[in-house]
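Below is one structure; the comments refer to it alone.
Naming follows writing order (A, B and C), and every chain is counted from residue 1.
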Amino acid sequence: MTFKGRDFIEITSFKRSEIEYLFKIADKLEPVARKGSDILKGRILACLFFEPSTRTRLSFEAAMLRLGGDVIGFAEPAVSSIAKGESLADTVRVVENYADIIVLRHPLEGAAKLAAEFSSIPVINAGSGSLSHPTQALLDLYTIYREKGKIDGLKIALIGDLKYGRTVHSLAYALSYYDVKLSLISPPQLKMRREILEDLRRSGVKILENESLQDVIETSDVIYVTRIQKERFPDPTEYERVKGSYKLTFDMLSNCKKDLIILHPLPRVGELDPKIDSTRHAKYFKQTYYGLLVRMALLASILGAI
Amino acid sequence: MTFKGRDFIEITSFKRSEIEYLFKIADKLEPVARKGSDILKGRILACLFFEPSTRTRLSFEAAMLRLGGDVIGFAEPAVSSIAKGESLADTVRVVENYADIIVLRHPLEGAAKLAAEFSSIPVINAGSGSLSHPTQALLDLYTIYREKGKIDGLKIALIGDLKYGRTVHSLAYALSYYDVKLSLISPPQLKMRREILEDLRRSGVKILENESLQDVIETSDVIYVTRIQKERFPDPTEYERVKGSYKLTFDMLSNCKKDLIILHPLPRVGELDPKIDSTRHAKYFKQTYYGLLVRMALLASILGAI
Amino acid sequence: MTFKGRDFIEITSFKRSEIEYLFKIADKLEPVARKGSDILKGRILACLFFEPSTRTRLSFEAAMLRLGGDVIGFAEPAVSSIAKGESLADTVRVVENYADIIVLRHPLEGAAKLAAEFSSIPVINAGSGSLSHPTQALLDLYTIYREKGKIDGLKIALIGDLKYGRTVHSLAYALSYYDVKLSLISPPQLKMRREILEDLRRSGVKILENESLQDVIETSDVIYVTRIQKERFPDPTEYERVKGSYKLTFDMLSNCKKDLIILHPLPRVGELDPKIDSTRHAKYFKQTYYGLLVRMALLASILGAI
């Protein structure tokens, strides 16, 4: 099994066995996450962010730096030649001469795939369009694996914007590698797309769509809450209508499982009561730490250092 | 005396003896300021700048890099998740997983304090609101100590915007650790706030408020000039009225003390005649160099490397 | 011959023999371009970009990092103190305390020269105003030297915006060190300025101004195409008139020399048919790789490491 030189465009770019092998690497890199290392000394990561992001960009940068590598890039298209009208294919064919690996975030579907087709160095998709965000799915899965010790057999609820939220799409596909029960809770306008549901069912995932929120809270092992992403709505009035229409509060957890864990891709803007933060269920900040480990594993593996 | 793991939120977070100990460390780190070192190899500084800054941000970044560490962060909130509505407390609890220390600049009073309360890694305040900018005060004090050999016994003048300028507030508190005479010169609308004056007087600082500018120039050992900061004025017409109402010119220095030093936190926009630049009194560019040393001392100490 | 501590403001800052010596250094640094090194360990480059740029900024940053150095700076003036009204001279006198070398891009003619006059550390001009972009000229020349094995005796065509395009101005002066025939093709409004033409002729360059585009394509050894830069036009309607008025297509190359090479400073926005990308003539992406080598040579030499 080798990751060297491979792109990571969709969660399905890697098989289940490969994902689990990556998790073992992430486990082993844990000491490096605080102390640093020389594993990728002399290597350069190009972070090309055509959309703003704190978490994902800083996470990749920290991962690269902890491994001893360096980072170049831009955090928004305005400061790049894109403002001059350059195509993504051209940007990639320039940047591949400056770096060893590209991490790309882009507002358009398929942007990462296109970049990978033109690039002679590996490309990691850090979110493109509203459909895929595979490294987020990887870290979500890793969080479950670390916190629950297993993924098979769990009941997992996805709550919130299941239509435009790219993290839930990638996560749903990631979970389809496993034997899980999936509860879907969302406002009617934000239901998960039919074609994704069909893909999931074909993979054997058991999907529960009509439970009450309270039932889901009481029976789930993992609850994954997402932000309603204003920027994904074609129509702002549609956003205003559903904003705040679901919210997980502290009181709602009174009858939940003792070892329930609550995840969130962050940032949150009101859908997760801050009172939950101090409960044993809250794992959304820990999740960002696991994300660092997973991204370190990804960079080190693809660059052939492990 | 240990700095390891401590926050630096206000100049009064450190005692006089601690500040002077830091100065000794800064002295010792002087060779590192040009040659670099491996003192903080593998460590990561997160620079979270919610307001623009050249000097402070580049100074901290250079300090970290000279010490052998690395830097992540953002230079303005637009490129971060803040644009998506994330709270500062959440940002901090994410970033603490990526870095070993946070340097924060923020437009709101109390932001650094709040960040420190939520962060498990040390937080350094790089300016928050119009009240505090403690690392600037530290470097101002260090400049006086380096250039005059002492601080006690000096006559020091603060000229300009004493109401909204956060650097003078922190500096005034820093000077209250010492036996100094403080001359305050400002337009009536920009006088230093009463509660700060009272704090200073209680600490034994002798404050002179009604001298003429020319008298102050002729009797001071240190003159500290500040920019009128447009962005601090609630009302733009108030700004237009006082802009340019005081200015230090070359000619005004004809009867000053031979060893007078002139400081300025920079940037300046007209309140300091460029003709002064080439005089022996001008120390405002040297001041930025001392700032690098002090920030190196701060980072190395708080990260427990010294 | 030493480069240590020198500024690089115009292509004519260096003699022909110095440029060729730099090329030898660039040749030797080729292994470092992929593997990295410790040649500039502990050194800091300050990238001060008062205009957006992907290519030039990332190229310099990658060059510095591959040499083992570090980078600070800003990618646009909005995030810097310039927004507060600071003068370039002041910015430089601050930044020189944080770094070992400055790379400056600025919209105004003469900005790099001014910066160098005030700076105690070396300054490299990464493009200022519409007249000069000497490191681009250096890499253009290096590309020709690498791809053709020589520069003397070649017929070289410059096509496009010869009035506002700063890269062609610097390249033309660079070529005047050599025995070349220069074909100039541009819309009438975008002809090369008379004073530059006179300089070139005085240096012995043979200039051909009235050939047909097709003749030029068939007789040239090197074709250098430039983008019409919207941001250089004082009047937007003038831009709309010439935009798209010339374009190099695949079909136009049917009778070109077998070993013709086509260069472009990039980004392109339509003046170079993507169908050309896969021909042996297309060297514009390779050009960015050569740029990395040349900039590594420049940084290492000026910092006295080679």
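We adopt the following convention: a residue touches a chain if its C-beta (ideal position, glycine included) is under 8 Å from a C-beta of that chain, and two chains touch if they have at least 3 such contacts.
What you see is a predicted model, and the numbers here were worked out from it, not measured in a lab.
Chemist: Considering only chains that satisfy the touch condition with chain B, which of them also satisfy it with chain C?
Modeler: Of all the chains present, those in contact with both chain B and chain C are A.
Chemist: Specify, for the interface formed by the sequence copies chain A and chain B, whether it is same or different in terms of residue numbers shared by both sides, with half as the dividing line.
Modeler: Mostly different residues: under half of the interface numbers shared.
Chemist: In whole angstrom, how far does the Cα centroid of chain A sit from the Cα centroid of chain B?
Modeler: For chain A versus chain B, the centre distance works out to 39 Å.
Chemist: What are the residues of chain C that contact at least two other chains?
Modeler: none
Chemist: Which of the residues in chain A come into contact with chain B in the complex?
Modeler: 34-37, 49, 52-55, 58-59, 61-62, 65-66, 68, 75-76, 227, 229-231, 266-269, 274, 285, 288-289, 291-292
Chemist: Could you please specify the touching residues of chain C with respect to chain B in the complex?
Modeler: Touch list, chain C to chain B: 41-44, 46, 70, 72-74, 78-86, 89-91, 93-95, 97-100.
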